[in-house]
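Heads up, there are several structures right after this.
Note that chain A is present in both complexes that follow, paired respectively with chain B and with chain C.
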Partner chain A sequence: MAHFLARRLLLQLVVFAGVLVLTFLISHVIPGDPALLRAGPKASAETIAKIRRDMGLDRPLPTQLAVYVRELLRGDLGTSIRTQRPVIADIAEHFPATFELTTISLLVVVAAGIPLGVLSAVRKDRLPDHLSRVVAISGVSLPVFWLGLLLIYIFFVRLGWLPGTGRLDMGVDPPPGLTGLYLVDSIAALDWEALRSTVRHLLLPVFLLSYVSLAPVVRMVRSSMLEVLGQDYIRTARAKGLAERLVLYRHALRNALIPTLTVIGLSYGTLLQGAVVTETIFAWPGMAYYAVGSMTYLDYPAVMGITLVSALIYTTVNLIVDLLYGVVDPRIRYD
Partner chain B sequence: MTETAPTRSARSATGLGLRGRWIGRWLIHRPLTLVGAGIVLLVSATGLAAPLLAPYDPLAISIADRLQPLSLAHPLGTDHLGRDLLSRIIHGARVSLGVGVTIAALGAFIGTVLGLLAGYLGGKVDEVIMRVCDMFLAFPALILAMALAASLGPSLENTMLALVIIWWPWYARIMRGQVLALRESEYVMAARALGAGTGRLMFRHLLPNAIPPIIVQATLDIGNAILIASSLSFLGFGAQPPVPEWGAITSEGRTFLRDYWWYPTFPGLAIMVTVMGFNLMGDGLRDLLDPRLRRQAGG
Partner chain C sequence: MAVRVFGWMRAVVPVVVAALLAAPLPAGSAQATPQDVLIFGSTSDVETMDPQVTVDNIAWRAIYYCYDRLVQLKGGTTEVAPQLAESWTISPDGKTFTFRLRRGVKFTDGTPLDAKAVQFSFTRLLKMGKGAAGLWDGILDASGITVVNPTTIRFTLKTPFAPFLGSLATDQASIVSPGVMKHETGGDMGQAWLAGNSAGSGPFRLKEWRRGERLVLERNPIYWGRKPALRQVIIRNIPDPAVLRDLLERGEVDMGETLTDDQLDALKGKPGITVFEAPSFLVTYLYLNNKNPYLSKVKVRQAISYAIDYAGIIRGVKKGRAVQMRGPIPQGMAGHDKTVFQYTRNVARARQLLAEAGYPQGFELGLLIDPGIREWADIATIVQANLAEVGIKVKIEGFARPTMRAKLDKADFDMATGFWTPDYPDADMFTWFWFYSKNGGLAGNRSFYVNPQMDRLVVAQRQETDPAKRLALFRQIQKIAVEDAVYVYLHQAIYRIPMRERVQGYVYNPMLLFMPNFNGISKRP
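Let's turn to the complex of A and B:
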């Protein structure tokens, strides 16, 4: 186990170094000139040259990379051109909103996806199976931005039931608290008004995000349930007269969940991507919303910071999934 | 395995006629695959014949006709510049299909070649190619594509380039896995014993046998590529106005949603139907080529 962990972490480091170089290249070998953008359209050639110098853009690429890595190791991701604040502070400010949105959506995906998958497997080729297939296929075929617009049109514009944008109603103060997760903070502060507003604002984006991420989980649960249900020990369990519910959930589902775990880990990546569009549609002040703004502005320190952090989150989740295998399935040994 | 081996050789012995009939029978039991293939055919035909089918010029501005509701003259209404939305969506089929097919084909081509090299040559080549793959796969695809497209400058061509760059590693992995499985098989050994060189072994013997999963994946990916490219266009990193790209049209229509619902609704619907067609068809293809699922499929 220790051996595996060490190897896996080392590999993670190699990949991460590659990610760093790649991100750096993307943001530095670009036709758009950040110095020009920062100087504005009326700046003189000297001003632009000075800004280039100040930003270190006149130095050779390898030097720039070395400087960047050195700063990075100190926890400094540079200063955003757009907001004039440290990128790390910007990301820290926007992270909780994204974390709240994606985590709740992931919970919904798991809570809805597993039962749907089981139902689909047990009622294979019957109505519930077809319905869950339709839900799954439509979910992966829908443009997220489009469904988001329709949801806003129906529930906000037409019916007026739910808010269309933001995390809180106008006039409601964010709950005080450390986490920045309004759900947690408002409960901790016993601020029921903020809690109500938070939940109402979460409903549409969470529905959107989990609906479009549901398919892989449902289909994985379905196919691994089908595989498990055909095995001898299930027949034995049935033969000894166990209740069908016990056979399904105690015997079959447990084993069917192992491959599902990978898919759930991968879903987190899908959720992060879905969040980009979801946050844009719902003006949700998260990381992805910040990312789109930075990228439109060619704010390259911010772009690099976000790409790096998202890759870090993504790979870490995958690492955790790998390690969880051993916990869920004692047959898997890492050496 | 003992069951499938004789059937397979029997089938190849009886030739294509029986195989065609067998696929036909299989398709009848999978109406959704047929529906998918039908949609794909329809959208492809629309795209190819766009100039003949579209009632108006998709770029012709007519301010007097702006934001017209659905009518006989404009079945899907008009946009904020008075352009006919139906014509724009019909031409959009051409744009989106082009985007999807190009990305999937280029991605599959690069990935196939690199995966073949990695799997067959092994050693250092394999190590390097696979680590580069890991590197690309470490990013959430849309975020990397956004960063690339934004850096290269927003345009449809750059979006396609960005998506090819992030897409090939998936194919390389599939191909490598296939090659590793086939490399030691008897027919390859036989070919090697007969004196076939590396190039001949790779391209004449391994490639044709390893390619089916790549084809399935590429079919599924045409839909995915259309979807992700339209998202990029919607966010402003892809096709720029006045290109009639479905995501870009939806984005333009977004501000008019409140009073003119049809404007962003129909281009989005076109994306959904098209992508669903590719997904249904790809799904069917996957089942068809996966011998494990094949036996269940008929029943």
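Let's turn to the complex of A and C:
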């Protein structure tokens, strides 16, 4: 186990270094100069030159990269060009919103995707299977932004049932709290108005995000269930008169879940991607929203910081998934 | 069998459905906000709260009323009136300004606001040398700021600068408390801290800011002047204009910007909504890069100026909400000459000028735009069609803002679209910046125009202390600027802002674009 972990962590470091160098190069070769934005529309050449010097942009690219890595090793992600604050503080402020959104969406994906997949497999080639296929495939095929705008149009503009933007209603004060997760904070503060507002604001973005990420899970559960259901031990279980529910959930699903776990781990990546569009459409003040703002400003330190943190989250989630294999399938051993 | 398998879902689904149904409220019934709280919807977020860093109007909106300045703009005018300075004297050579300060003013952090504090504030601004300091480049440095006594401060300029007094009313001239130095980290003069806090003496102070979500200003309890009627101003970040429009209609937002002209037209006449309209100093124009061999010829630039359908652009792009410019200085700005020649569309004259310039067959030019700005994309299409008629083939080149700006600064373009707003209330903003040969690039002379006679004139008006003589200089400048067709002077926009009818006391000042007077606004019950 320890050996496995060490190997995985080492691999993670390699991935990390790759992401770092690639992002650094890509963001810095884009034509454009953040100093010009910082300096404002009417800045003189001297002001621009000074700002460029302050930001270290006048140095050769390899030197800039070396400086960045040195600061990173000290735990410093640099100062955002746009907000003039430490990038780590900006990310810490925006992270809870994204975490709340993606985690709840992941739970919905799991909670809806597994039963739908099982249903599809059990009722193969019948109406429920076709319906679940339509749901899953439409989720991946419809463009996220279009679906998001449609949801806003129907539920906010036409019907007025659900809010279309932000995390709270206009007049509601955010719950006090440390986590920044409004669900947790409002419950902790017993602030029911904030809780209600938070839940209402979560509905549309969570629906959108989980809907578009549902397909791989449903399809994977379906196909592995079909495979498992054809096996001898299932026939044996049924033959000895076991309740169908136990056959499906204790015997079949557990074995069908192993490949599904991988897909769920990967779908966290899809969720993070989908969050970019979802947060933009719903004005959800999370990391992706911050990332989009930073990119249009050529805010190198912010873009680098977000990319590294996203890579960290993604690789960690997949590490956890690998470890979970052992829990789901006792035959799997790490060494 | 499957029915039983999904039995648990039968229990869960009704709960979820009930929660969904219980949640909705009928449209428009969201609780009305308190009478002393203004909810302002903004489609862009603030980048930083440090007045000595940012040059962004959206940030200024949140910052401006957290601070005082030595002088202020009187109501909706461009006239300068006392604020922290009770009175001032100007030396005959126009280089020394001495201000007598109001006594007993304190910053929200408790630090007394005296001459030393004012000196600190300007020193911090100039020492940091961020974009916000750009206004005083080559005009003022830290050694020119002297504390005469605790209530008297003197500024000695390196060169006479007629607009100096007006420049002290801008957001960049906000007086920042020396208390920020307590929050200094790594020699940043408190920048990291002030980016997310306020340290002024103005009618409001920053209470809370959740980035991308909302920014709350609260009344400054120890404000020296008239207390604002509003206890709080909540600036909500609502990036989608369509959503903002809807929230305004429902009354969940009291005021907001920026909506498109179409949306404003749709809002107008809706019950409970007013759309305020007035001319602004926001001008739209085309840069004609004089380094381009074609555009270096006056006749070519004049031909382009004749070929453009100004009225068509105003009608089609601005839905009539703009007036055509007449030279560089906009209407309403002191110095504007309403007799200077104004180009109108004349295709025959344009063709004739091109032939005289030696290009009867025409040529090809690029037109640089940021396609993210809808107005520019629309203008580009019309300009392309207009110039095609006289034989100039236009290739529209769209680049994202940072790239476009880099290209502008390096003269790597032929023609480009642009906006300009004045930072201080003076025609200097439309002359020295636009035509002085040393300002080539982003600094302001975006046509890279070089004319020694013009250089002399734009510098002379800056140093002229006699208002009548200055006006005469501005007349000469405008005449040359139009004859030489340095830019294509398109139009000056009409500023529009929607608000609920219950919002009272709004005063528009064209110099404070996107910065409503939160200190004077109140709400009817």
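Please note the rule applied: the second predicted complex is superposed on the first by the 335 of 335 C-alpha atoms of A that agree within 3 Å, B and C clash if a C-alpha of one lies under 4 Å from a C-alpha of the other, contacts with A are read in each partner's own complex, and residues count from 1 in each chain.
Criterion: a residue touches a chain if its C-beta (ideal position, glycine included) is under 8 Å from a C-beta of that chain, and two chains touch if they have at least 3 such contacts.
A quick note: this is a predicted structure, and the numbers were derived from the prediction, not measured.
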item	value
Combined model on chain A: chain C and chain B, fit or clash	fit
Contacts of A:280 with chain B and chain C, given as first, second, both or neither	both
First (chain B), second (chain C), both or neither touched by A:51	second
Three-chain overlay, vertex chain A: chain B-chain C angle, C-alpha, nearest 10 degrees	90
First, second, both or neither for A:129, with chain B first and chain C second	neither
Larger contact residue set on chain A - chain B or chain C	C
Chain B versus chain C as contact partner of A:145, first or second or both or neither	first
Chain B versus chain C as contact partner of A:291, first or second or both or neither	first
Contacts of A:244 with chain B and chain C, given as first, second, both or neither	second
First (chain B), second (chain C), both or neither touched by A:27	first
Chain B versus chain C as contact partner of A:76, first or second or both or neither	neither
Lowest C-alpha to C-alpha distance for chain C against chain B (Å)	5
Those residues of chain A which chain B touches in one complex and chain C touches in the other	30-32, 152, 157, 280, 296, 298
Residues on chain B engaged by chain A in the complex (per definition of touch)	32, 131-132, 134-136, 138-144, 146-148, 150-153, 223, 227, 230-231, 234-237, 247, 250-251, 254, 257-258, 261, 264-265, 268-269, 271-272, 275-276, 279-280, 283
Chain A partner contacts - residues on chain C that touch it in the complex	1-2, 4-7, 9, 19-20, 23-28, 30-34, 37, 39, 45, 47-48, 50, 53-56, 129-135, 137-138, 191-192, 195-196, 210-214, 234, 236-240, 242-243, 246-247, 250, 252-253, 400-403, 405-407, 409, 420, 423, 433, 439, 441-444
Chain A to chain C touching residues, read off their complex	30-34, 36-48, 50-51, 79, 82-86, 90, 93-94, 97, 115, 118-119, 122-123, 128, 152, 156-157, 159-162, 164-171, 174, 196, 199-200, 203, 244-245, 248-249, 280-281, 283, 285-286, 289-290, 293, 296-298
Interfacial residue positions of chain A with respect to chain B in the complex	11, 14-16, 18-19, 22-23, 26-27, 29-32, 133, 137-138, 140-147, 149-150, 152-153, 157, 269, 272-273, 276-277, 280, 288, 291-292, 295-296, 298, 300, 303, 306-307, 310-311, 314-315
